[in-house]
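Across the two complexes that follow, subunit A remains constant while its partner is subunit B and subsequently subunit C.
After this line comes the complex of A and B, so read on.
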């Protein structure tokens, strides 16, 4: 195959775009897709301070790299989840990336700083590890960004992630979740803006981006995620994509463009009516926020939750 | 050719498939779920393969949401 832009030998084919690209044109393509997402959804203003949620995986490292290439001021935050050697190795990849590109990486370690890990938390509260992980990430990234003066939290959710989430939400017709599914969640009192700049690029593109730029990332799948519904949805959507290239993008972007607004009234909690958590001060509909309740149950002696950032790599 | 598969990591030896698409079909792997690296270079699904190649089939699907 030949590169669509320059006719050199291609290194990747993207059937969704009916195109193939050489190395340099592929990197350009990824940058342009992210630039377009940021522009179309008004994600990041010039001069804004961005905190990238860094996991050590391909998506978050590629996102961090692209944001810096596009000229944004972006630091990283790595959250140690306490999932055995998987977390140890993930942290190593995040630190190596930050060191190589001379970037600032903050760290929070759940077991050391907050007294519990994801497997323990999930067992204690009898929820799925992915549910406990998601709750912890949303809380801690928001709190760290608020506390330390970042305007925006950027996550590495890509087109495949968002299509799979949409698939699950649609299967259940979960109108509250459908109302919240958008590439930008605006800032409200106590919540910083959340953005997903990779919404226009797929998982293959981000893995390929890391390979062609020599960005090392953790290849192993999280052991807690094996067999989860999200992976099953992705398998289904990938099979569909093989038969009908562009199906995932059409599913997601037609929802965002034409259907999302119809669910606006389904958002249950009015963020203007939220209280403050009596333990950590975060916005919450009740007296104590969900994360502090989780921590209280998971820890023998729960303390308050002062999120301190440490271990900056530069 | 030597084929490296992951999750779990393992290596198998194969002969026959003439290109990446045929190799993935032989292994019943959906092309949309992987990238293919031949002798350290990323390749497209029509890339030709020979028995002396070392081919890594790297999954790209992650489970977090």
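After this line comes the complex of A and C, so read on.
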């Protein structure tokens, strides 16, 4: 197996590209895929300040590395979610990466700084941990970016992630979610721009990128996500990809190129009509934003006993 | 397990309906599902003459039976496709059914009446047998309906078929096919209306319907279809259904109810602009319709040796 670019011995075979690469050309290939995504979807202008959502996993660390290699000004923000040893270890990987490459890593620790953790928040409001975690991340990354003067939040969602989310939204034909699914969400009043520069690279490529560059990352999946639908959809798409290499990318990019605009009118909240949260100042359709409501309820709950359950006990 | 309707012992459990039924109530349930599909999609007016596309399989025989039970005037058309013993046997099942219930069955035999069979046609034009078969069926059912004064062609596509086709079209986000996928295609000049009254019932239900009513049908799948993508998509949807009963129906009906209209403008050929085939008179965008071109090439080929291959041999 020879490298497509330089004919040296290849270290990785990418079936959907019908190509194999040596170490250096594979790194170059990953950079080019991210460069192309940034260009095609007009994600980051030269000189923009980018805040990378860093989890300590392969995708976010590879993203941060690639953005710096491509010359962007990119700092990181790590959120301590309070998910036991998983959070302790993922934080260590994020810090070690920042130290090794001499980068600025901001940190917010949910238990220490905000008074609750994800498992507790989920129990209190009786939602899935993944739902509460997503709400918290969206809020805190946006708020931190606004506070510290970043123009853009970049997340490590890769091709596999985006295809799996699209798959779930398509199974239900959920117009509102289909309308929102795009690699770049423009800035609006109170919201910084969100971008997903890894949309053209797969999970396996990002793992390989970290391995060949000696970037250590947390291997464990989040213990709260085990068995969720998202992972089942990934497996199912992998079985299709196995049968027809390129099927996964075709599913995602044909949607983005041809079908996404057909759902544009399904976005529910008109962002121009939002009020300001009376607690944190974030845009919200109501008086208090969903995150501040979550925080208030989670912090009011005695240890591990949700208020709603306590009130309802008979 | 008790029948939901009459509390007798149930013979079948339908997880997506969260219901079980005894023999008679299951038959009633199938009739009601078909009645509802016909009503919801305005498929058949009282007094309309329906031509059922009969293959000798469970779906088309059950469809024919149910349409008669619901009081519709429905005759059958069986196409002999020339696919070896599969065609011989499927024809026998179709004829036995018509005889038992004293129904009118038209027949067209491709080899005897048109001079070629599906395997030969596929080799000649170098297309998949399923593609050539679909083209032939669409043409011949429409032509026979027009000739014999039927208003509507009804086909036995069930929920599993339609969900699998939708799945394939969605994986590629093929707008043109998504625009065309609907349980009723209206009549236009030269085309009779096409309807799929089984869209609300699954494959397993139609097999059970035939079994409980003693309707004999060909069990074998068409040997030309083995291993095709359609069957792989069915398996994949079955694995989703296993995990979440109702997922398959939600995928199909949420598309039909919410998303289909978003693709309406993607239908490519404007049926008002069609010419008439100079050979058979069918509507066609060119001078000679695709079926007559296929027939001409297949009939010109010497036994089993396609003309294109003979001309190109070196």
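Rule of thumb we're sticking to: the second predicted complex is superposed on the first by the 300 of 314 C-alpha atoms of A that agree within 3 Å, B and C clash if a C-alpha of one lies under 4 Å from a C-alpha of the other, contacts with A are read in each partner's own complex, and residues count from 1 in each chain.
Operating definition for what follows: contacts are C-beta pairs under 8 Å (C-beta built on N, C-alpha and C of every residue); 3 or more make two chains touch, one makes a residue touch a chain.
Bear in mind the structure is a predicted one, so any value in this text is a computation, not a measurement.
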Partner chain in contact with A:58 - subunit B first, subunit C second, else both or neither: first
First (subunit B), second (subunit C), both or neither touched by A:6: neither
Which of subunit B and subunit C A:112 touches, first, second, both or neither: neither
First (subunit B), second (subunit C), both or neither touched by A:226: first
Subunit B or subunit C, by number of subunit A residues touched: B
First (subunit B), second (subunit C), both or neither touched by A:262: second
First (subunit B), second (subunit C), both or neither touched by A:275: neither
Subunit B versus subunit C as contact partner of A:170, first or second or both or neither: second
Which of subunit B and subunit C A:251 touches, first, second, both or neither: second
Those residues of subunit A which subunit B touches in one complex and subunit C touches in the other: 239
Complex contact set, residues of subunit C against subunit A: 170-175, 232, 236, 239-240, 243, 247, 250-251, 254-255, 258-259, 262-263
Partner subunit A, residues of subunit B touching it in the complex: 6-7, 30-35, 37, 41-46, 58-65
Subunit A residues within the subunit B interface of the complex: 1, 10-13, 15, 20, 23, 55, 57-59, 130, 133-134, 157, 160-161, 164-165, 203-204, 206-208, 211-212, 219-222, 225-226, 228, 230-231, 234-235, 238-239, 241-242
